[in-house]
Amino acid sequence: MNNREIIARRVAQEFKDGDFVNLGIGIPTLSTAYLPEGVNVILHSENGHYNFGPLTCEEDKDPDSINASGEFCVVRNGGVFFDSTVSFGIIRGGYLDKTVLGALQVDQEGNLANWKIPGRVVPGIGGGMDLVVGAKKVIIAMEHTAKGEKKILKKCTIPLTAMGEVDMIITEKAVFVRENGGLVLKETYPGVTADEIRELTEADFTVDENLKTMSI
Amino acid sequence: MNNREIIARRVAQEFKDGDFVNLGIGIPTLSTAYLPEGVNVILHSENGHYNFGPLTCEEDKDPDSINASGEFCVVRNGGVFFDSTVSFGIIRGGYLDKTVLGALQVDQEGNLANWKIPGRVVPGIGGGMDLVVGAKKVIIAMEHTAKGEKKILKKCTIPLTAMGEVDMIITEKAVFVRENGGLVLKETYPGVTADEIRELTEADFTVDENLKTMSI
Amino acid sequence: MAKIISIKEAMDMIHDGMSIMVAGFLAVGTPEKLIDALVEKNTKDHTLIAISTAYPNKGSGKLVVNKQIKKAIVSHIGTNPEAGRQYINNELEIEFVPQGTLVERIRCGGFGMGGFLTPTGVGTEIEEGKQRITVDGKDYLLEKHLRADVAFIRAHKADKNGNLTYRKAARNSNMVMATAADITFVVADEIVEVGDLDQDEIMTPGIFVDYLVQV
Amino acid sequence: MAKIISIKEAMDMIHDGMSIMVAGFLAVGTPEKLIDALVEKNTKDHTLIAISTAYPNKGSGKLVVNKQIKKAIVSHIGTNPEAGRQYINNELEIEFVPQGTLVERIRCGGFGMGGFLTPTGVGTEIEEGKQRITVDGKDYLLEKHLRADVAFIRAHKADKNGNLTYRKAARNSNMVMATAADITFVVADEIVEVGDLDQDEIMTPGIFVDYLVQV
């Protein structure tokens, strides 16, 4: 199992049946492939619709029906189309149960950086800043480090996407939850110790007294 | 011809074919009865529709189809229904060519007072404040005086509806236009002199060098 | 998404002192049966948020007549003499809001915005206590968002996911109020199966709706 | 209300330096024929207002590739490498705006509001130069309205009064951009007679539309 799959499988466990969610491109979207039996989520797409039932992309290439990544998508019975202002009204209005996004950096204050690396071409902001301030729960799904560089920091060093909004971090090695303003290590991958996580993590965190093993 | 009819007939002359307008209750709405041949206006109603062609009320009592005065109204082919935020978006967005409203007081600075008399029960504001700031042209249609009290003043003495938004005043005796920040008397009712208007008007005004007789 | 409940179940969720948005324009678009049930329940001290106090015997006005309203945030009371009577006798507090400002404040409440800038009311009493902000040389008032504990919505058709359509002028404040309350109750002329409504013609996505009330 | 014109008549109204809203999301909902005609006309120094710069060969991106855009106000350029190239070489100025903020700024522009308060961007670079305003204990940024000289809109059906419907995800920024430009050009998949569209299902009232462009 590669890192992406481990993370996606663990993310999938966070969903409850009927959750209304918006998922970033990559691992977050991949997580829907691993939804537990009987769990369906409703996928919101920034460009103006939501789907009931599992997402079906590329199956019916209706030129007017894409998702926010530009893939052709079927919006099933019970789904709805709406305009961009309603779409972001839903986002900012707190209607999303969860959003799952990737990150360049996260820090112990819940700050998130995922849109801009100084000195590189910025692809853009898209809907990310709105999602992170709007969703009830913000889950960051990412590899624990990037080419050996730590990504879970005391303080983000690159421009922020949002301040203090991250609720949970899921990597291939660990699960952190933000509680009372600080990070708490809740789970580690089988065979990985809290000390090993400390080596790979710059942020201060406490270890939950019921530290669990990630079950994937 | 009574005062209401004189004013309504004069107001009707202000409309061009295709004008998109919102008309207050009373004399303003009455004015559509006197539209010149070949002139149709599109009537916007605050509660969320506009009509093409002359307004037809009370003819078809569809319980879901009323105008802003609560009268049952037919919205003809080409008309549209929309929600309140769009209705007031149209108003504030400057899409109305004209609005015609009654007034308690108007002054030489273009201030309007038509919602509140201190010491009396206030019926409310409704959509009036939005209409007056939003419409391209604000026409006040009212009797020149009320029970002998002057209504066209140097400065309104009761709470304002809007500041400096009035473009034109039509009474049964005179027509004023606001030009370069001041009132100009443009027309008088047959047989009424500018001096007589001055007697009935507290506001300072200039008399147009081409002062005309109102043709009703 | 939306759950179908009885009118009794709906009333069980409403308590003294709650703020209530009642959709409708002069009672067109108001779910009268929810109003009637609330009159019967006779809870007190509500804040009413509505375009107007409608009529004494129709729409939100019935709650005023039954003395259930402590404060009304409305644009107009002129069609309900009882509202005027209670107002001058200090039995009813009224916050008059220009109609366009009222519906936009509600939209801000539903859509997660703190407020907006409107030219409406600049230089009038409405400005009192508000910040004036100039943008591109034009003056605006900063108007703040408005939410409620519950909203009473009347739809034309509702599917079982809570997706709604409205009919003609009954739409008015329904669309915006459906987004801005903690609990949104909808009475529909007709409840249909999921899939019966065209996905492009749904006016209120079901995500905004908590309960379809069977009457 | 709306007038039916040819694509040449439409292009005659567009001049160097005008700001242009191009509706669409990754080119879905973009009137490609207006873009192609503008590429051919080859006017310069436009400000582009769009959700993104789309693709090099699709949507608003074609205007970027043809070097007609001086400044782009967008939420994303990642799908158009040429936009990125021009941006790092200082050939193209870009104002990045969070997507929800962008469409709401446009709505304010169309609906006569000076701006609105959003929690999006608080504590980020996006806050620079903006006023932070606290409402009910929560921080918001004051974001200002946005308008354009012209808007390019793609509808599904248009009646001859300019009333519009959109289809599926092609609606996106079309509805809001149709309200916020001095001249609104619409290309519809189909132009129908007045009365052929259901009055309740019209998504953009014709009052917002200046021209239906026949392509």
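Going in written order, the chains are labelled A, B, C and D, and every chain counts its residues from 1.
Heads up, the rule we're going with is that a contact is a pair of C-beta atoms (placed from the backbone, for glycine too) under 8 Å apart; a residue touches a chain by one contact, two chains touch by 3 or more.
No experiment lies behind these values; they were computed from the predicted model shown.
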| item | value |
| --- | --- |
| Contact-richer chain pair [B-C vs B-D] | B-C |
| Furthest chain, CA centroid comparison against chain B | A |
| Chain B and chain C, separation of their C-alpha mean positions in angstrom | 29 |
| Chain C and chain D: spacing of chain centres that average the CA atoms, whole Å | 32 |
| Inter-centroid spacing, chain D versus chain B (mean Cα positions, whole Å) | 35 |
| Distance from chain B to chain A - Cα centre to Cα centre, in angstrom | 55 |
| Where chain D touches two or more other chains, by residue | 104, 107, 112-113, 118-119, 166-168, 171, 199-200 |
| Per-residue overlap in chain A, given as positions that touch at least 2 other chains | 49, 75, 81-82, 85, 88, 91-92, 133-134 |
| Topology of the chain contact graph, where touching chains are joined (line, ring, star, complete, other) | other |
| Pairwise chain contacts under the document criterion | A-C, A-D, B-C, B-D, C-D |
| Residues of chain A that touch chain C when the two form their complex | 18, 20, 42, 49-50, 52, 75, 77-82, 85-86, 88-95, 133-134 |
| Chain D to chain B touching residues, read off their complex | 1, 107, 110-113, 159, 161, 163, 179, 194-195, 199-200, 202, 205-208 |
| Touching residues (chain side chain B, partner chain C) in the complex | 45-49, 62-68, 70, 73, 75, 81-85, 87-88, 91-92, 111, 116, 121-130, 133-134, 159-164 |
| Chain D-facing residues of chain C, complex | 104, 108, 112-119, 131, 133, 135-136, 138, 140, 142, 144-145, 165-168, 171, 199-201 |
| Interfacial residue positions of chain C with respect to chain B in the complex | 25-26, 28-29, 51-52, 74-79, 84, 87-88, 96-101, 103-104, 107, 118-126, 156, 166-176, 203 |
